[in-house]
Amino acid sequence: MFKKILVANRGEIALRVMRACREMGIHTVAVYSDADRKALHVRYADEAFHVGSAPSIESYLRIDRILEAAKRSGAEAIHPGYGFLSENAEFAQACEAEGLNFIGPSARSMELMGSKTAARQALIGAGLPVVPGTDHNLESFDEVRRVAREIGYPLMLKAAAGGGGKGLRRVRNEGELESAFRTARSEAQNAFKDPSIYIEKYLERPRHIEVQILGDRHGHLIHLCERECSLQRRHQKVVEESPSPFLDDSLRAQMGETAARIGKLAGYWNAGTVEFLVDQDRKFYFLEMNTRLQVEHPVTEAVLGVDLVKEQIRIAAGEPLRWRQEQVRQRGHALECRIYAEDPENNFFPSPGLIRGLRTPSGPGIRDDSGIFEGWTVPIEYDPLLSKLVVWDVNRPEALARMRRALEEYEVSGIKTNIPFFLRVLEHPDFISGNFDTGFIDRLLENGFALDGASADAERVAALAAAIAAGRRSLHEPVPSAPRKESGWKAAGRRQLMDQKPR
Amino acid sequence: MFKKILVANRGEIALRVMRACREMGIHTVAVYSDADRKALHVRYADEAFHVGSAPSIESYLRIDRILEAAKRSGAEAIHPGYGFLSENAEFAQACEAEGLNFIGPSARSMELMGSKTAARQALIGAGLPVVPGTDHNLESFDEVRRVAREIGYPLMLKAAAGGGGKGLRRVRNEGELESAFRTARSEAQNAFKDPSIYIEKYLERPRHIEVQILGDRHGHLIHLCERECSLQRRHQKVVEESPSPFLDDSLRAQMGETAARIGKLAGYWNAGTVEFLVDQDRKFYFLEMNTRLQVEHPVTEAVLGVDLVKEQIRIAAGEPLRWRQEQVRQRGHALECRIYAEDPENNFFPSPGLIRGLRTPSGPGIRDDSGIFEGWTVPIEYDPLLSKLVVWDVNRPEALARMRRALEEYEVSGIKTNIPFFLRVLEHPDFISGNFDTGFIDRLLENGFALDGASADAERVAALAAAIAAGRRSLHEPVPSAPRKESGWKAAGRRQLMDQKPR
Amino acid sequence: MKFHVKTRSGSRQSEHTLDLAARELASTDRTRLPYILDGETGEFDWVEVAPDVYSLILDGVSYEVAIRKAGNPAQPNGFYEVSVDAQVFFVELQDPRRRRPGEASHAQDRPQEILAPMPGRIVKILTAEGASVRQGQGLLVIEAMKMQNEVRAPRPGRVEKIYAQEGQGVENSAKLLRLA
Amino acid sequence: MKFHVKTRSGSRQSEHTLDLAARELASTDRTRLPYILDGETGEFDWVEVAPDVYSLILDGVSYEVAIRKAGNPAQPNGFYEVSVDAQVFFVELQDPRRRRPGEASHAQDRPQEILAPMPGRIVKILTAEGASVRQGQGLLVIEAMKMQNEVRAPRPGRVEKIYAQEGQGVENSAKLLRLA
């Protein structure tokens, strides 16, 4: 086993990987930019090396500096987390060339599955189901228009190197095509340095359901069941769960087996995810493969009782997989909410800044994978993900109730978060019944988002509290310059109570 | 289902019960003493009623005031937690007399199993194994001496109404008997208002292993496997785990079945625990039954995926048990450490006071059931339990590693805690190998407890840090009057690193 | 101490008169405070659990409240942001003796500078100098963290001056426009 | 800034000379600080992450340190309690210019009042006036929270005066005895 691992990432995922390392008795090395000197991952690591200025292109994406830090520290392996260099085959190759173990699949598997069009071609060759569309990159607008007519509208333009909703355009008719093609190409060029675009049929109200796979370096590969990820805002996942309320055992087994076949086809090892779209007729189509750990991995961990990061490290160290397919059994239900620094009341505007107060939920069935602390300033340069909040309970209704309780306990003050938005989603009848698709949240938000009107009781209390604060000031008591906490503990539960309470 | 429940307790267990209520959509009512106006359970509850001054005899033990608060709030049921009135049959009866549902067993079951000697008699009558000894209370010293000669030394004197290590004396020979009898009676009188004493054979190096049972009001009762509770300091449990490393499947099934038989014998419903001593020959003996929720219930919850408090509430509301015995399957391994406000370096002296800084562990597999917050003053009047720290992982060695990681992340400053002591226990070879008994910790502590000598590297850092602090003061910078945090994050892991790092 | 109180939460607004027995406030221990709200007498239990965070118990109901003072932190009257169990209220306190009946709050009449909520680039300006805007109406669009975001009017008013230009990069808290 | 440094952790004690470039400390941003410890030159990276909590990186190794000043909080020299990744050190800083070579610290020579760590009842007194005691030796037993607990000598010394009596109830911080 490795003695020291460098984590080439930041924030909550860096901390999550370091926790796994510490539990395995492996020393950890952090890298950090100017913006992250005080960050938790730097303080949690055994060692820490500075790799550049705040923009990620000058730090977390600098392969040369990260490899130099690995050499200086004597690390034997590098865990890339997700995002940044995690799906960069060049980085994986550079690690291996320097004698460093890249904790992920082979560069060959990454290259094969990293290009959406190459992956589509391989799958079509093997007779596996893909969303109807082109299996090659489209260079000219003329070609795009011709192919679009063949496939029919509505359709999706997609970046071949894409991910995370970038370089993605839905086109309803030919009139929208040219402008969508230009902006998608330019976004793809900016985000991935590769303007290649392909076309997929747009499925009506599909579900996004993905399958976790895990393979060792000795040819043994299994699937770890599904995650339901249809709750997306602008093509970005915001709530994930497992099991999917949409699948029955037969479809689950079919999708799992298909995912494992795809993994084997790619000669895949380590943890990976095969994403599918499932249409209203319960037919599923390969969408893309993510050749890395995913943000939503904890829901699988909660339901199956595995630790995917520890398994990744073991696999990278050459150990054989310690699970057989028949040992994989789902128990209960898990949900994840991605807590972002953004303002749901103002069109989800990013809300970086100083965290003045923080209280995290705890108690039974709750996991908070966070990268923040009271006094931390969320930098503007990176992803606004603050924490992954994960709950487990015996079944879906109870897991939903537990998630509501956890969100009500979660207090972040000083910056805005999407917690109030999640509380709204969790009380929506279609979410509760499991009747939703990838467009659910965007439709929900068509008229914007406003917090519920407050109750008369709370208003009375607000007036009294302000008067207390004023009264204390008039007594010339010392007053703090800024409050340290805001209270989010009771939110929805309290609102219900007030509606019921006799006056 | 109930609409409103009063929680007749305080601290972490009150919060734990209220969290279950909130998840079930049940409104919560707190009671509090003068010492607890700012306590978390008062702030978390939907409603809160003052029941008296700080000493528990004047507040949390005042049946009249608690029932009055229940009536004023309109609560339909009372959850007693553990300790305080939880095993008080008079309280259970008073609740029922007022039309309030007592969330626990019937007063009859409590009375039967609450007296150690009555329970012993009932079990002997049914042919169930009890520790050899008397099955009736001993009034006079002459009788005690006579029975002691029959049973043989060493032996234990025990309070018939006892629990929590009070009224308990180990007697090695007849010379020690008279003084031990007097002090045990006087302690029993003080603690339980009942001086009755009985004698049990003292088993050499026994293990304390208990079985959780759960029964509904319709005669359906199951067992939920075992908890290993042999790690005790002065007869008080400090670390609990499940499964027990000492049991095999056959002994586990035998003990489980015996516990279920005992529960049925007592006409038991709700959650309860049957405690056994297991000797070196793997023979087990009934020790006593706890007719309430226990501090260590979360290890069972983690391994079996049940929520015992929610089940308690459902059972009290008359719902049938939703688990059959064959559905109870252990998965992985769970451990609990009881985080106390006490100073392990000073003979575990209680350490109440202001909590200046608090950071709780999180990430995969960790549950922190706490009743404290930064700025809270731990009162001197009550039990020093701050939090139950629980971890789960796929097997015992990984659960131990995770617990170490969690303890290293746990920071409480301003008061002393037993966290450094747990870190010491967790690295002991006998604990790691599972080779321990109820005397393990007391033997370990025979020569006291001192923190490891620090490393030269850390010493150099301490000198530099003090010089920075001095330098800033010499620059007349504003300095805080008291630090808000201390750092416990890296503890043991860091010490290992320093030993290895080349200078 | 007597106050004229205005509260706002979302679209809900209301006004009250409040008289609070302020003499008890000097104690940081638990205090029962009598009050008269809109002529109705009551009493509640109040304690500070963290700086500017209060626990209040009214008629048995437990509330957790956090306070933030806008403007001069030492001045008793003025604007407070109050969160009550995660519901946010804007509360304005006025001294009733200095207030003429029917007088409107001055706050809305004073010109207000709209500042950039974060560094970014001005993508589009959605209004013009001299235009009247509703509360919540979009004023301009900033791109930051690779996302486009609308800056909206915090209150109704007239756009007196626009400082920002389309395509321009702005620092955090840069003046964008003035609302009269 | 030059210091004479004494550190103690458990039974381990040592002395050092330290010269720190203090001019950089005025910045709260990240700072690289050069130092000379026992004649050896080095440099480290320092930042304050919370009041009196520092993150230090020395030769790539990341440390988290919390500081508490004993005595006058504004006075640079004196006693500090320093926790480094959960190991606790007592650090005494002296100005080397005011210190004569070979001079012992005065702190241990001054009489010290031993105070009750919490309210309780004195169960037993384990020493006598005039007795010499070792560091860690039990002085008396207090019962509190229904447990009996030993109060021990924080340092070696001679028991000059015993204020407490067996059976007596004591308040928190009550004087128990004086150690010379």
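First chain written, first letter: the chains are A, B, C and D, and each begins at residue 1.
Rule of thumb we're sticking to: contacts are C-beta pairs under 8 Å (C-beta built on N, C-alpha and C of every residue); 3 or more make two chains touch, one makes a residue touch a chain.
Note that the structure is a prediction, hence the values are computed from the model and not measured.
*Asks:* If you tally contacting C-beta pairs, which pair wins, B-C or B-D?
*Replies:* B-D
*Asks:* Approximately how many whole Å separate the CA-defined centres of chain A and chain D?
*Replies:* Distance between chain centres: 47 Å.
*Asks:* Taking the mean of the CA coordinates per chain, how far is chain B from chain D in Å?
*Replies:* The mean C-alpha positions of chain B and chain D differ by 34 Å.
*Asks:* Which residues of chain A are in contact with two or more other chains?
*Replies:* 43-44, 46, 408, 489-490, 494, 497
*Asks:* What parts of chain D, by residue number, touch at least two of the other chains?
*Replies:* 50, 61, 64 - these are the residues of chain D that touch more than one other chain.
*Asks:* Using the contact rule from the top, write out all pairs of chains that touch.
*Replies:* Chain-chain contacts present: A-B, A-C, A-D, B-C, B-D.
*Asks:* List the residues on chain A that touch chain D in their complex, please.
*Replies:* Chain A reaches chain D through residues 29-30, 34, 37-38, 42-50, 72-73, 374-375.
*Asks:* Which positions of chain D touch chain A when the two form their complex?
*Replies:* 30, 45, 47, 49-50, 55, 57, 60-62, 64
*Asks:* How about chain D: which of its residues touch chain B in the complex?
*Replies:* Residues of chain D touching chain B: 1, 3, 5, 7, 9-12, 14, 16, 18, 20, 22, 25-26, 33, 35, 37, 44, 46, 50-54, 56, 58, 61, 63-69, 73-77, 80, 82-89, 91, 93, 117-119, 144-145, 147, 149-150, 152.
*Asks:* Mind pulling up the chain A residues that touch chain B in the complex?
*Replies:* 15-16, 19-20, 22-25, 27, 43-44, 46, 298, 301, 305-307, 310, 331-332, 359-360, 362-370, 373, 393-394, 398, 401-402, 404-405, 408, 489-490, 493-494, 496-497
*Asks:* Quick check: in the complex, which residue numbers of chain A touch chain C?
*Replies:* 346-352, 357, 380, 384, 408, 413, 420, 450-455, 457-475, 477, 479-491, 494-495, 497, 501
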